[in-house]
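Shared between the two complexes below is chain A, which has chain B as its partner in the first and chain C in the second.
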Partner chain A sequence: MSSRKQLMKHYQLVGQLQPALHAPQHAPYPDTIDHALYRAYTRSAHDIGGEPDVPITWEEKEEEQWELNTFATCECLAWRGIWNAEERRRRQNVDLGQTQYLGLPYYGRWLMTAALIMVDKQYVTLTELVNKIDEVKKRYE
Partner chain B sequence: MAKKHTEDEHGHRPPAPMVDEISDFEVLEMAVRELAIEKGLFSADDHRRWTEYVHTLGPLPAARLVAKAWVNPAYKKMAVTDGVKASLEVGVDWINDMPTHFGTPSDYCNLRVLEDTPKLKHVVVCTLCSCYPRPILGQSPEWYRTPNYRRRLVRWPRQVLAEFGLQLPPDVEIRVADSNQKTRYIVLPVRPAGTEGWTEEQLAEIVTRDCLIGVAVPKPGVKANAKRPVHPAVHPVHHDH
Partner chain C sequence: MSKVQHDRTHHAKKATGKGDPQCFKGEAGPAKFKVGDRVRIRDLPDIFYTRCQVYTRGASATVSAVVYESPAAEDEAWDNTDKPEWFYSLVFRQKDLWPNYPDLFANDTLETELSERWLEKA
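After this line comes the complex of A and B, so read on.
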């Protein structure tokens, strides 16, 4: 169990972990990764309980139609055995990485993950997905 | 685009674009759904049935569970020991209600009912994602899904509850329940004074969604969640959860 002070240091380190393209940070020598850095790099982006944050205004939000559709699509994919709960959780919460995890809307993450599972499990090819996206866009031009 | 209804940095609402623009999420959503149906991963009927099922969900069954527990000690005992069984009496079958007939595809069927006392207050969060007992409580509110709520509630519950308008005396212990994939929670609050002789229906009306999450407590005369700003949808779903 870490003390609050240790945790704060950990969170601060985590917050600094974005790769800096101008700095010589690529593929560091193994002996440059100390315990604190190792812990920070192996932290999962969704494990945020207890992290410091400031009070915000609590708001309600109307649901977008695409959000409800996305929920239904993800549940139908599970209903018909395309993925299970563990896969969904890993993909929606862990595999995205911190930038997308915190940067995308809630159902945006679900949606990306649904697209990826269909490609990764070879139900559709990436070309089919890209073509379908183009086709849908053209309907609204 | 998505920013159509949000205020710009000067606090003005920009004029809506002339053409009804479509967001990248809307495009991707249609593409994914249509491809899944074309490839036979699920059918258009499956999708329609699931959407219709979602439209039937809301916090009312959970509110009725609480009201029933308040007036019936035997039922209350059942509710706190077997939430899934107790759900049956308020019309929620955690296995057979869903179009799947095998429970939720997200694979959870374990409802725990957390009983408050005058000296103990429960509140629910999901720190790792936003697990929520949808079959008995409907879709989760947006604030419940925010990293902020998930970050802070476990460490500063008293402060967060105060922000929701619930100021608890220091001698009331707060217990935060962290939901997980298999187990979901609702709060069974203390029955408030001034409700003596009320019917179950009357009681259920004051058990709001927020009371069931634990960020509010029931009060006679209060039948809705606290008023908060609402972020409007660009293309909203036309139903209430």
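After this line comes the complex of A and C, so read on.
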């Protein structure tokens, strides 16, 4: 359970995670969204080839156990017909939205997506999932 | 409560023993383009999902191979596999894609695959 103070800090961080269009942008009036801006907002978040960016540092890193487990889980979901590879990519690269696409680790996006498709296709309810996460979290308190 | 029933076995039934995309062979009809054709990439709306890179839109390319029949990514991403399309391997000149590409490397090319809906005769 997060403290109220932590929750208030969460609001501050979420505010900082807005896409970096440095202009007031909450609930804009329709006539402030021209065709260029509409296209920028509705593009697929993963189609980043050609965008200006700065160099990033390449670090050699072995996969962690949870990452391997996540990969195996997602492959099992495909094996059992829950999704195909293209649906998985659509969900983990685009449906999450730009902020999560850029902000979460690679296998973090796989894991979020594996959980969401189980809810979307009604194999578990969000209630069951949330209660389970809450139960597991308590083991570490 | 209404619960959606998903058919989880149709893809396995179709692909077992053949593979994917081989299991879609013969379902796309005649290919519209052939090796050596010049094509231009269409700038279709890219809402919700696409695998067609924005940097290829409006650029011209040469068909280097007619590769296979498969549902387009934009359909398969929702498990719609009823209308497979021909896929083409396309070669672009890097200079046609990037405005500031150096003349020193004028022969550089980029090769990528797109489905037929994205192509028109150049």
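Everything below uses one rule, namely that the second predicted complex is superposed on the first by the 109 of 141 C-alpha atoms of A that agree within 3 Å, B and C clash if a C-alpha of one lies under 4 Å from a C-alpha of the other, contacts with A are read in each partner's own complex, and residues count from 1 in each chain.
One rule holds in what follows: a residue touches a chain if its C-beta (ideal position, glycine included) is under 8 Å from a C-beta of that chain, and two chains touch if they have at least 3 such contacts.
Treat the numbers as computed from the prediction; the structure is a model and nothing was measured.
Judged by the touch definition given at the top, the superposed model places A:Leu13 against neither chain B nor chain C. In the superposition on chain A, A:Phe71 contacts chain B only, with no contact to chain C.
When both complexes are overlaid on chain A, the residue A:Val124 reaches chain B alone and has no touch with chain C. In the superposed model, A:Ile82 makes contact with both chain B and chain C.
When the two complexes are superposed, the chain touching more residues of chain A, out of chain B and chain C, is B. In the superposed model, A:Arg90 lies in contact with chain C only, and not with chain B. Applying the stated contact rule after C-alpha superposition, one finds that A:Arg43 touches chain C and leaves chain B untouched.
Overlap of the chain B and chain C contact sets on chain A: residues 47, 49-50, 80, 82, 84, 86, 89.
Every residue of chain C that touches chain A in the complex is listed here, in rising order: 3-4, 6-12, 46-50, 53-55, 73, 76-79, 97-98. Residues 46-53, 55-73, 75-80, 82, 84-86, 88-89, 92-93, 102, 105-108, 111-112, 114-115, 118, 123-124, 128-129, 132-133, 135-137, 140 of chain A are the ones touching chain B in the complex. Per the touch definition, chain B reaches chain A in the complex via residues 21-23, 25-36, 39, 41-42, 46-47, 50-51, 54, 99-100, 104-108, 125, 127-130, 139, 141-143, 145-152, 154-155, 159, 163-164, 178, 181, 225, 228-237, 241.
Across the interface of their complex, chain C is touched by residues 39, 42-44, 47, 49-50, 80-84, 86-87, 89-90, 94, 121-122 of chain A.
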